[in-house]
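Attaching a single structure in structure tokens format; questions to follow.
Chain lettering (A, B, C, D and E) follows the sequence in which the chains are written, and residue indices restart at 1 in each chain.
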Amino acid sequence: MARIGVFVCHCGENIAGTVDCPKVVESMMHIPGVVHAVDYKYMCSDPGQRMVRDAIREHKLTGVVVAACSPRMHEPTFRRACAEAGLNPFLCEISNIREHCSWVHEKSEATTQKAIDLVRVMVEKVKRNRELQPISVPVTKTALVLGGGIAGIQAALDIANCGHKVVLVEREPSIGGHMAQLSETFPTLDCSQCIMTPRMVEVAQNENITLYTYSELESLDGFIGNFKAKIRMKARSVDMNLCTGCGSCYQKCPQKKIPSEFNTGLGTRTAIYTPFLQAVPNKPVIDRDNCLYFKKGVCKLCEKVCPTKAIKYDQQDEIVEVDVGAVVVATGYNVLNTGFFPEYGYGKYKDVITGLQFERLASASGPTSGEIRRPSDGKVPETVVFVACSGSRDPAKGLPYCSKVCCMYTAKHAMLYKHKMHEGKAYIFYMDIRAGGKMYEEFVRRAVEEDGVNYVRGRVSRIYEEDGQLVVKGADTLLGGMPLEIKADLVVLATAMVASPGAEELAQKLHVSYDAYKFISEAHPKLRPVETNTAGVFVAGACQAPKDIPETVAQASGAASKVLQLFSKPELMREPVVAVVNRTAPPLFSTCVGCFLCEKACPYQAIGREEIKARDGKVLKVVAKVNAGLCQGCGTCVALCRSKSIDLQGFTNEQIFAEIMAL
Amino acid sequence: MEELKNKVRELLKAGTVQAVIGYRAGSDEKTARVAFVRQPDEADGLILDPRCTDNLAVYLLKPEVKLLGKLAIVARPTTARTILQLASENQLADGQVIVLGVSADGKAVVELASFEALEKFVGQVPAGLTEEEKVLLAKIEGMSREERWAFWQSEFARCIKCYACRAACPMCYCSRCIVESNQPQWIPVSPHDEGNLEWHLVRAMHLAGRCLNCGFCAKACPMGIPLNLLTQRLAEEAKAAFGAVAGGSATGEYALSMFKADDKEGFIR
Amino acid sequence: MAVATSNIPNIYKPYLMRIEKVTVEAPGVRTFRLVFTNPEEAEKFTFQAGQFAEYSSFGDGESTFCIASSPTRKGYVECTFRQAGRVTSGLASKDVGDVIGFRGPYGNTFPLEAWEGKNIVFVAGGIALPPMRCVIWNVLDLRDKYKDVTILYGARTVADLVYKDELAEWDARPDVRLVTTVDPGGETPDWKGQIGFVPAVVEKAAPSAENSIAVVCGPPIMIKFTLPVLSKLGFKPENIFTTLENRMKCGVGKCGRCNVGKTYVCKDGPVFTFAQVKELPPEY
Amino acid sequence: MENDNKATGAFEPKLVAFVCNWCTYVGADLAGTSRLKYASNVRVIRLPCTGRIDFMLILKAFAQGMDGVIVSGCHPGDCHYTVGNYHARRRWILFRSLLDFAGIDVRRVHFAWVSAAEGAKWADLVNKVSGEVRELGPYKEYQGLAGKGIA
Amino acid sequence: MAETRLIRKDALTKLFEKTRQSGRRILAPKAKGEQAFFEEVTSFGEVCLDHVQTRSSAKEAVFPKCEALLRYKFGDKGAVSYDEKPFEPPVTVVFGTRPCDARSLAALRAVFNWDTPDKFYLEREARTTIISVSCTKADSDCFCTSVGGGPGDTAGSDILLTPVSDKEYLAEILTEKGQAIVALAPELFATAGGAQKEPHLAKVAVQFDVNELAKTIPVTFNDEKVWQEQSLACLGCGTCAYVCPTCACFDIQDEANRQGGVRLRCWDSCGFSLFTLHTSGHNPRHVQSQRWRQRVMHKFSYYLERQGMLGCVGCGRCSRACPVDMNLVEHLKELALHGRNG
């Protein structure tokens, strides 16, 4: 017993100027189910809305079609008006006879006819509309932050400082990420560790933050507001509760020659170690691959020296499960190593290093205590060649993108070098300088003008060793491609920033998409830069794309604010335009056959599986089930499902079919 | 042949399976039909020769057959591929059936208890069309659009909507086929020309990227409509456009469940 | 080549009926009162209690419902249906004044004349009251021909009870014994009837089998458990009546789907005694 | 949809456009706000995403007597639902090839990416498609199927 | 009434012409691939009589696969009015039916004329003339003689042609409708002389005793094992019913648009699970064995009881068309035996 009301708006002359509104009204009255139709000058005005409300009550309408401007303008207005009159707002539809009709056609019979058709189509749709209720999803107000670089730290602190719990998971034994490795930071040249360390300590001390280092995400299930994360705490072989971080163990460890990851291989560490002195937590782990006890079964020196008996060789990986409402991915980046470059000797020349290695050389806490000495023989280099864009912007190498920070840190490196070696010569080979950023261009200029860094525009074609010296062959394109050969003591390659190892697997665990370079994709490049395509999973820092610290921090705070927005209400309200899998009478229960081809297609991983069980618990059938929390209502699954077992509320098969039949 | 019979006897005797789906002699010397062997001595009646072309995988999902217990099935490469495709669509679980794989020449028989083994067995040999069908396909492709329309219309006009094609197709396992959903009635029930066209296009689209080209649909069609050409045409398209070939693996991706950012789109304005 | 057309009537052509009244009985359950658009047809039309008809929603198809009004009430027919599929949804979208199709009456009838002078016990569950309503009114309209009339009616919940006004009317009548019940949990705070499943309530109400006829309609599970109770009370299978509902299209014994063995529900039924049902192969 | 130009008697094609809510629908809105003028013979059916556009809709549109169909949504990479349009594109690749193989005139089915900013492209698209389909004339073959085969 | 004449094979072209000129539609077997189908033909050259049996049956002439029972128009606000046109099915000659097919009309008529006469069937039948051709060959699926028919059986035919030499058919003109055809070109029919049809007929062995079968099948009803075994291979595809000349089950469906609609009748099959499925989800025949049983019981038991004849003419089409080689005779023999033993 459909009782539809049609309200045709003149929009002043905007519609009535070309469309014969009374005729539209008249023709509606011939459609079965239409019990009321009127036209009015301005439907969206207060009196117009009142007409709608009054008619709903007076004619006991079961559906409303407002023929007016685009639904983007006034759909909310009229739906609200309906709700006020006691009609479910989803029983109201807008027929767009302004933008799609009166404004784009001349006044004519055909235009009026089109308006009639458009309204009729909506009438047929609305007859099949169902009452829908907004979906509310409860929210667990704990955030999971993956990655303890500056991005993760910033996001964790922002969220924790608003009073919400945070679980911070870091893969390495300490948080800090790359920023902890840097010497000084452009464009201010303040000491990286000086600004980083206090933040790290803040994390350790914040009671809202639970820190899992040396841990990784095992799996993530659930949906926005209601995730279940499993975290694997890798066996540290050290009891975190007993260890006081006194360091006796690593002082005694006989395995002293292990290249230090933190020092990018330029320094060494022991088998039981903390990555660096300011590590948070400042408690060691045993690197089982290099530990004599684990390798050969003998040693146990550390156990002997540990005053608190904290060494636990038999410790196992542990899985902890946490309920979280939102996830921030901040797993950062990696840099290409020199082995990637055949033309620069495949990494076989010790004195060809990466920018990150240079950071360690320049760092006061680094292996050379901040003195710039070349790795091969410890000599202070007299000529240093910096090669920007090593790998980046090189489609041939598969990395067509710009790493964004190299121009800046290369300038920084050259400057740092010059500050320490005033007579030294610094050359920078570059393609062009990208110094967009506050005080960035000035910074580069300073390198050239104050510190006398030689910028050579051109590519380095080859680096080879000759008589114990590196020869850098290139060309200066500003000088018409004049070939250039520089004998250098040290070559620093600004190697490209790439996705951190395991980024792809992680993205898959999180069900978020990633780009061709395995950087996590944002939901919208402009408007939703900190969201991913999975609701409730946000992204910050260099794992999304190469970026510098200020940008990283800004994005991290952005992500945190999105999380906080989500946590600001007890429940999440969503439009009920979601897919549903049908239910039918037994013995079929649902027409879904459980092919789960829709599951794979859903852009939001909103489709899961549900077992239909008999009373005795026997599984009768496994069918698709849409998670209303995750479903965004695109309808891809609906078009895909062969047996039409899944349908989209608000755009059901019946509705669309009826629309076509009304054409 | 003896090898097959022995395997079947063994499996039944050991109680590894309760029934083996295979071929036996049919009504006349030209036909073979399905056998459901449940006793070791019934294995004697099994045959394996060029008559045995039906895609027996269709029986794996038949409720009445499932009730027989754990099944083994005699499978030529196409049937084996069908099983993998069904697995990739979550209709069969690993270990659920034992496949007695028959090599393309029909000689060797291997027992394949896992999908992994089956994947190795099928390799990359999707079934092609018969020579005759190839000729017809080429002929249709060579026609002008109007001729193609006329050709298919004359074929479709004969369709009586018995849905034997669907019943014979192992990939048409829906609990309720789209033609049976009546709210809305996407496809008319009655076999008139418009409804027939819709049925054929829908069926073909539903099998796009899933069809194994066993040809059972066309064989089943009492009206002799070469409807496997439609699905085969789409299989070719899916392969050309997306590199998708059905039935290669139990975890294979359905061509329409996925995409590549650089899928061709020359036809889109 | 012209050949004279015969005048065999088109048995598939429904009468066009106008909906005169719509009553929403329960969620998804409606009663239509239908009147003939053509008075001549109205004049000629007759039916008997127990018969059914094919109702069309033009554009959607036909559905089978029994005629729920009594043949003693002239000038209209009523049907009560639950919105279930395509046709019933189509019908449900109709309103007073709309035209639907009606083809019938079909099937056999309750042998009301043979029942004269007997006690009659009606046992109905859920939406199965409609087929019985026809007989009930028929009996009540000829009240003096029958002895005691007992109506036992149960539904899942109070909301699911249909014909609420008529239940009140019957309840008020001194010459009718009405027992209503809802399944445990289906009651409302002000529910005054029984709480319990129909078979149990029948057992409690214990109508006498002496010189009695029982009519039982309802979901199969209810029938299954009610029958033993009735036989315990002494009802003989040939004195217990029910109606069968097999899917049917034509209603006139041609489309081939309603048969139970060689018995056609549309022709030989829908009314059967349990003596007959027992003889049918288990195919309904 | 009664759309034949009654005054001149000339053939005016009947078109339906299935468009996504976020790009093409908005693009068409923009054409409106920009007061661009285009042929009045297209009826828009709004869907959330091109991913929702079932190929059945196209067949049903023809069965309903349409002479041409437009299917349009967000450009690749711009999908509101990130990838719905990529799924749609795959579906169309196969469907189009099937239509062609079955002898259906694919010149009557137009796929287009029209973004929210492309009001002009929308107007242009409608005009072009109208023009092309007008050239082709009424889709007699398909429309002729109605009632055929019913005794 | 029966009258026997001779007609030369090459005269058939002429007869065809005349028949067409008289405004009659002609349906006849047309070859396609390895099969032949009854289709409308416009010249005798299209006709192919080489097949033992056509794939589709001739029932299409009297019971089309899709026919309109009713047309209606929607008026203002959905008002309904009938679109009444007199029902005038084409006057038709079905040429080249086999005797079994001709016999099938009786079985169809039994259903359509039972109790409430079905206008559509009866009027089509009244306008249909059956010109059959006796079988000179048969195959292993033929079993007409087991169900009371035969390769030269005249029942149901209006004219029966039997090839008695390379050049001639013996024409038995059996009904008035047959006469009417002869009257179109009497000159083509010569006197029969002493020509005999029997020697030219195919030999079809009797495979089972149908009376015994009729007695044993009902007893087997509850023996589910038998039906399960027999139907294990059955795909429920419905082909057997669709090709069967006597299967009369149908579905009724509405199709409509904004302007109006049509109520259509189309073939259906008891082999489909949907056939008996209630909207509630309950299905009285929920497994294939019950549906297979229904088909067999219907033809060999219920038909006999309700219509007094068998619902099968032994054409063998179902066995030939079955994609999985379900062989009816084989199963009937088994049933005949089974009932007797058990």
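Operating definition for what follows: a residue touches a chain if its C-beta (ideal position, glycine included) is under 8 Å from a C-beta of that chain, and two chains touch if they have at least 3 such contacts.
A quick note: this is a predicted structure, and the numbers were derived from the prediction, not measured.
Colleague: Kindly list the shared contact partners of chain C and chain D, in label order.
Modeller: Expected: A, B, E.
Colleague: By the touch criterion stated at the start, how many steps lie between chain A and chain B on the shortest route?
Modeller: 1
Colleague: Hey, which chain ends up farthest from chain B, C-alpha centres compared?
Modeller: C
Colleague: Count the C-beta contact pairs for B-E and for A-D, then tell me which is higher.
Modeller: A-D
Colleague: Would you kindly say which chain has the C-alpha centre located farthest from the C-alpha centre of chain A?
Modeller: Centroid comparison gives E as the farthest chain from chain A.
Colleague: Just give me the whole-number Å value for how far the CA centre of chain A lies from that of chain E.
Modeller: 68
Colleague: What is the distance, in whole Å, between the centres of chain B and chain D, each centre taken as the mean of its C-alpha atoms?
Modeller: Chain centroid spacing, chain B to chain D, equals 34 Å.
Colleague: Could you give the separation in Å between the centres of chain C and chain E, each centre being the mean of its C-alpha atoms?
Modeller: 38
Colleague: So how far apart, in whole Å, are chain B and chain C when each is placed at the average of its C-alpha atoms?
Modeller: 47
Colleague: Considering chain D alone, which of its residues make contact with at least two other chains?
Modeller: 55, 60, 64, 83, 87, 91, 147, 149-150
Colleague: Would you please write down the residue numbers of chain B that are in contact with two or more other chains?
Modeller: Within chain B, residues 183, 185-186, 190-192, 256, 258 contact more than one other chain.
Colleague: Counting only residues that touch at least two other chains, what does the list for chain A look like?
Modeller: Within chain A, the residues that touch at least two other chains are 32-33, 584, 588, 601, 640, 653, 657, 661.
Colleague: Can you list every touching chain pair?
Modeller: Chains touch in the following pairs: A-B, A-C, A-D, A-E, B-C, B-D, B-E, C-E, D-E.
Colleague: State the interface residues of chain A toward chain E in the complex, per the touch definition above.
Modeller: Interface residues on the chain A side: 30-33, 584-588, 661-662.
Colleague: Could you pull out which chain C residues touch chain B in their complex?
Modeller: Chain C residues touching chain B: 85-86, 89.
Colleague: Within their complex, state which residues of chain C touch chain A.
Modeller: It is residues 22, 92-95, 98 of chain C that touch chain A.
Colleague: Within the complex, which stretch of chain E touches chain B?
Modeller: 32-35, 37, 55-56, 65-66, 140-141, 228, 231-233, 235-239, 241-243, 251, 253, 255, 264, 266-267, 269, 272, 274, 287-289, 319, 321, 323-325, 327, 330
Colleague: So in the complex, which bits of chain D are touching chain B?
Modeller: Chain D residues touching chain B: 55-56, 59-60, 63, 76-77, 83, 86-87, 89-105, 110-113, 125, 141, 145-150.
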